[in-house]
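All chains are identified by letter, namely A, B, C, D, E and F, in their written order; residue positions are counted from 1 within each chain.
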Amino acid sequence: MNPAPAHLELTTAPHVHAPISTPRVMYEVVAALLPVIAAAAYFFGVTAILMVATGAAVAALTEWAFSDRQGLGTLRDGSALLTGALLALTLPPALPLWMVALGAAVAIALGKLVLGGLGHNLFNPALVGRAFLQAAFPTTMTTWSAPGQGFWHIESATVAPPMLHAAVDVVSAASPLGLVKFEQKTTELLPLVTGNVAGSLGETSAVVLVVVGVVLGLRKVFDWRLPVATLATVVVFSGVLWLFGLSPSPAFMLSSGGLLFGAVFMCTDPVTTPVTAKGAWYFGLGVGVLVVLIRNFGGLPEGVMYSILLMNAATPLLNRVSQPRRLGG
Amino acid sequence: MSHDNGPSLWSTFSAGLWRENPIFAIVIGLCPTMAVTNTVTNALVMGVATAFVLMGSSAMVSALRKVTPGPVRITIYIIIIATFVSAVDWALAALLPLAHKQLGAFISLIVVNCIILGRAEAFAARNPVLPSVLDALGMAAGFTLAMLMISTPREILGSGTLLGLPLFGPRFEPWVIMVLPPGGFLTMATELTILAWWRHRSAERQALAEAT
Amino acid sequence: MDDLVWIFANASVINNFTLAYFLGLCPFFGVTNRIDTAFRLGVANLFTLLITSLSATLLDRYVLVHAPYLQLISYIVVIAGTVQFVEMAIKKLSPALFRALGIDLPLITTNGAILGLALFQSSKGYGLVQGLVYALGAGVGLTLAMVIMAGLREEIEFAPISKLLRGVALNFFVAGMLSLAFMGFAGLFAKG
Amino acid sequence: MGDFAGAVAILAGLCLFFGVVLALANSKLKVWQDPRVDDVAGKLPGANCGACGQPGCRAFAEQVVAGKLAPGKCTVSSAGIIADIAGLLGVEAGGDEKRVARLACAGGKSAVRDIADYRGLGSCGAAAVVAAGGRACPWGCLGLGDCARSCNFGAIVMKSEGLPVVDVGKCVACNDCVVACPLGLFSLRPMSDQILVQCSTPLAGPMAREMCQVACDACGRCALDAPAGAIEMVGGLAVVRAAGFSDVKSTLRCPTGAIQWVEAGQFALPKRVALRALSLGRLHARAG
Amino acid sequence: MSRLLPLSARATFAHGVHPAEHKEATHASVIERMRFADTYVLALSQHIGAASKPVVRVGQRVERGQLIAEPVGFVSTALHAPVAGTVAAIEPRPLPAGKSGLCIVVRRDPFDSQRFTDQITSRYPPGDADDLIQRVQHAGIVGFGGAAFPSHVKLSVPEGKRVRDVFLNGCECEPYLTCDHRVMVERPQAVLRGAELVRQQVHAERVYIGVEANKPDAIAALRAHIPALSPIEVVELTVKYPQGAEKMLIDAVVHRRVPAGKLPIEVEAAVQNVATAAAIADLVDLGVPLVERVVTVTGPGIARPANVLVPIGTPLRELLDHCGGLLPTARQVVLGGPMMGLAQKDLDVPVTKGLSGVLALTEPATWLQEQPCIRCGRCLDACPMFLNPQRLALMVRHERTEDLEALHLRDCFECASCSFVCPSNLPLVQLMRVGKGLLRRQQEAA
Amino acid sequence: MSAPEPTSATLIGTLTLAGLLSGLVLVGVFQSTKPLIAANRAAAMEAAVTRVVPGAVKAASYERVDGKVRASQVAVGASSDKPMAYAGLDKAGKVVGYAIPAEGPGFMDTIRVLYGYVPGAGTIVGMEVLDSRETPGLGDKIYKDADFVANFKKLDSKPEIVGKKKGTKSKPNEIDFITGATISSKAIVKILNGSAAQWAEPLAAGATPTQGKQP
């Protein structure tokens, strides 16, 4: 007869658990970013890698600086790295690195830590960082350098010393959305799909984003309803406006600007989007409508960031109105 | 002023300056604080204008406190305040037309600055003229101090200038957000946090000192 | 028509009275701890704004033609008088409503948004219809900002936030981020 | 100068108009409220604890002014404040004898065995739903401090033995800990109830003693030593039947110390001192 | 909502989870008997409802199957001696839920043959269907699924109601457990006989036996014994937890949803466990009261996993010893399935009527430390009651009782699907229970 | 508060008295500051007029009624309920052009501008932003960017002003937009086009100031 263990352990049911954890979800998303970073490096050169590294490092550093020093705080779950990398990928390629660092610090400190850390942020931290940069440096944030200038090409602006702007003007190219808004020129679909256009680091290549999004969705890393609702709304709404000549074609709307990147990586942030299934549909609908409104009738060429931030703000309300009806109730 | 009630008058004045600072401690009168603190000059002019209105209306309210019937007192206070504000508005337009243009409608909006009505109701209506004026002076000084504390970082970072004078070289990249509405909210929030932290620390130190 | 759309968009979201003009911050922070209270006060404000817009237009047109410089004091007397009257009436007619809204009522008087609306609409030279649309936009914008803020605050109530940040500072941080998000509306419908 | 007169007239006219409206409103819509309610409410602590049975301090003030409650029903206010309120209203202070929260368990860490490791949320409510915690006694204090957290007056502190100790000076008998304890170990007792049975186990005899050193094993000695009917044995526990009964003698022969004579707070004496008192008591009993 | 276009060929309910099954250790283990123990501890309250009242004295001699406690009221049931012997004590003893309760302790007579005596058969005469409800109550039969709801209550149809369909629950959706599976495989005729008895008793038109698709042998065994034109149908269900819950089972088979807070009778349904049906058949055909049941003893921490026919009241220690005892690596003993079962703090507890399995686990589910909730919403997608566990948990932590009511905490039946899928490993079910305690105590205080 | 309840008459009386007194004070202050304020406004407007109408040293106010332009009694810079324009007069008192205030929606809020206009040819000779809340660092370039302001030194308003991407203007009626602040640039163009369309005819017709008194 075997001796029974001296002390049994008391834990609550269930005594089995699904093979899933928050850190794993985070690292899967980080892994999904790798192809996006690779595409960015392909089009914008080493600058892309520098910027992503800066963003991730500063974000992690900020998290470490403000969290309790024992046990690295919430560093281990990888969410800070993710926030920093995501932020960098939404920035224009010629942005000074010190601005990337500032944005990452703001994203973590303001977007996340002030509100109680992981799981309690109200707005997507990366987008808070980006919105801060957009409001602080409106010109620099809308100056795009052209893709394909060689892998080792670094704009002088990128390495501008902190607090200063570049000595020499960036050789700028207009983004497809800027072109259509201000010069009524549309861009061919092919470069939009491959990503060989001016724009923020991570957003240009539609094909990479679609593949990554589908993989993440199938692996159930995020709630598929959010990106699907967002993209479907944009297609339908812009399609209707397109028929009246009030919007570029849905295909252009989908493949240009930060829509796909936002739909795959920003709309799917679980913390700042509704928990309910119905709420997810509402959220996507809201983002889609706002994107189309801002792009076509607003003052800015691009509105994905603001649309998502605004819907983030509405998320507690959406959660409230979309409470599921209990079974049989 | 008699010698023995000097200290109490002084504390009446100093309360508003820091301990009961209208912005940082009581957190009222926020509208102008946020709206006009994008430059130090504006903040100063606003502070002085508010101070004038605050003192004038406090004196009047206090002087008339015995003949003001309760049910209509708020309306009467507001008439008094609005009178002073109108006067300040025109005085500024006549004397400092540029600053007046910069501040625009916010001069008129001093009327609805909660500090003024608040002090009228909470202090001037219950105290004689001299303490009321001193209280108003203290509050106004505290208000102006707070306005300066908020406007200084906003102007330095947001425009790279202080009182309109450039501080940095031509390559300085200003943080435009600081002079925009979000910058106002965030600066205020940051300063409140720093103050709370500072108060917390000094309270801790005091407790420690008392314990040992 | 385009003009009216822009006026509405401008007052409600582009230059949201609270988030861009900082008007009515006291009630904005004071009553946004619960969504239903925020909504109720937002609607109350909306009605007050509409009434104020109407009264201001009438005052401008029929009373102040002889002495336009009395604008400020007349507006404020009308607003203060009306609010005080409404307060008394509610106290008498519905003590329950008064208890629920009691503290908030005087806030409407000193709500910069009300006076601001009257002053702005007059300085922009809006007529009766434009003024009402402007008031409607401002009211909708205020309500929107307050309800969203209340939603966010109901959420952060449960977050493990340091004591140093809790309270006013935190509200300002949240309002700052909300204001940042509202910048996306800049230039909406400006094309006309 | 027509301008001048016109302007003054406009303003005076406006004010006259609103003066009339407000005066009318003031006379027609006046609501009278007893100003004493404000005065009383101002004197109350404003803790809104509900110990008086009213939803809040203001509601209590209304009831007191209306004469429906005695000021002394507020257990939080000091005697001075209550006298003050009573004086203001010209009524008797009234009120009950001070009651405090008492814990029906003395099983600290050293007295009761841990037989399993509870791992999970650190609250009694949570431990109670997982096999009633890791201690051998499923009726006893879980020691995770839900009561201390529920106390708005800082009257309950978890001591090193893992038992909550009630500061009788701070306790206002607000009932919060009674609700907070998932095992229902707290009850509100008048201070004059000095004999406390600090155990809740229905087990008797060796089974009870094996589980916990200070369990009531229902030996019945206290019932024998007390006047007839003052203490009864019910379901494996001694129960004090007589209100206000406090005779130290009846506790002296308790073999485990489950029944205690308490002067102020429970567990006031360190265990060794308590044991010495116990043996001294036995000596006394023998001598008597 | 009727499903015109079912996504999968097999029927199932909405939401729920699919844990790893872990049934391979015992699903082929033939039910075995164990040696009699020396003492049996019979809790007076091992069913939902009022505790039974003892009808024996300490020191009294009892026969195997003799009534030792009788029901008190309608929602209550009887208790019988599992062995012949003497009543050693009637006193509080520790029970599986962690609490203690009054128990009748029976010391086995080592010289008795332990046969059911004629007296028992005559007390529950075979074949008479009219008083089945009374007989089931007095035979002490309760639901074998885990909740131990007295079966006779579900056999009686209230005035003005009717039962159209009877559902036999053969899902056994909890991982590890195989006791119902073995009963269906080894005693399909008893199950079908019980099904027919229940159907006749409630005057139902049809009987559906819901069995999950991972038990093809059970499905085959049952189907092989269903005669032609029988109103009994075996329905193969997609493997999903908690399909064995009454409301889920009805939804899965006929897509009728029981109104919140109501019983299956509202949708003209009655649900019984398959093993319960077999017990009813045994009562009617053999006159045997409920004195033993099949228990799955399994898990990585037990020497010899098995399905054991255990007399009610057997000390847990003896049952474990029968299966070779706990391995040194065992760190937890769970009574019930891994999803809803209760971890035990000691092994001095008896087997009760509701016990379906004993799990010896080597690695507690707290392998991952609790992380902050990231509001991913997986718990909402898992909750078969369509509640919002994430929000509920938050409200429990902040003791917002009015919100708990508004969010329908009372509808939670603690199936643990939410905790199972939570990537942040929040103790959601534990919080739900804490919340219910909170509501209960507040109600009592008010 | 032990004070006796005030009677209605007291309430009405105090309030009216307060209004009366405040009215007196206000009128007094206003009357004493009025000339200064008016002078400030006139000086500011005149200075702006001389800046946008090259060669002008003085301004005279005109108003548009029923599609006709006539001299106005309203002082330069004072507000009026009729559309106003200011004639820029040279030393000799000859009209060298008109300064016209105009406004319209911008990126953030209403933009108010003053532009110099020479009727007949319809040439815009200068432009100044009087009031705007455009984004600092971006939209505010409509008055801070010298290159942009220089666009309006000589610009044909007929048939209408057309904005082009920076560095691509080729025709006399085209201007260069500001990079990154296209909306604000567009708003200026829209405001000028709208205003010029309204004023072109009346100014061309009644170009010679009649100085006549109005009824």
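Odds and ends about this structure:
Simple rule for what comes next: contacts are C-beta pairs under 8 Å (C-beta built on N, C-alpha and C of every residue); 3 or more make two chains touch, one makes a residue touch a chain.
This one's a predicted model, so the numbers in the text were calculated from it and none came from an experiment.
Ranked by how far their CA centres sit from the centre of subunit D, the chains are topped by F. When every pair of chains is scored by its C-beta contact pairs, the maximum goes to A-E.
As a whole-number value, the distance joining the C-alpha centres of subunit B and subunit E reads 70 Å. Separation between the centroids of subunit B and subunit D, computed from CA atoms only, is 46 Å. The mean-CA centres of subunit A and subunit C are about 33 angstrom from one another, to the nearest whole unit.
In subunit B, the residues touching two or more other chains are 71-72, 75, 79, 82-83, 86, 90, 176-177, 180, 182-183, 186. Residue positions 3, 7, 10-11, 14-15, 18-19, 22-23, 26, 115-116, 119-120, 126, 129-131, 133-134 of subunit D each touch two or more of the other chains. Taken residue by residue, subunit C touches two or more other chains at 67, 69-70, 73, 77, 81, 84, 165, 170, 173, 176-177, 180, 183, 186-187, 190-191, whereas all remaining positions touch fewer. Within the complex, the subunit C residues that touch subunit D are 63-64, 66-67, 69-70, 73-74, 77-78, 81, 84-85, 88-89, 91-93, 95. Against subunit D, in their complex, subunit B makes its touches with residues 71-72, 75, 79. Those residues of subunit E that touch subunit D in the shared complex are 91-92, 94, 97-100, 342-346, 364, 366, 427, 430-431, 433-434, 437-438, 441-442, 444-445. Within the complex, the subunit B residues that touch subunit F are 67-72, 75-76, 79-80, 82-83, 86-87, 90-91, 93-95, 97, 158-159, 174, 176, 179-180.
The touching residues of subunit D, when paired with subunit E in their complex, are 115-116, 119-121, 123, 125-126, 128-134, 136, 138-139, 175, 178-180, 182, 184, 202-204, 207, 236.
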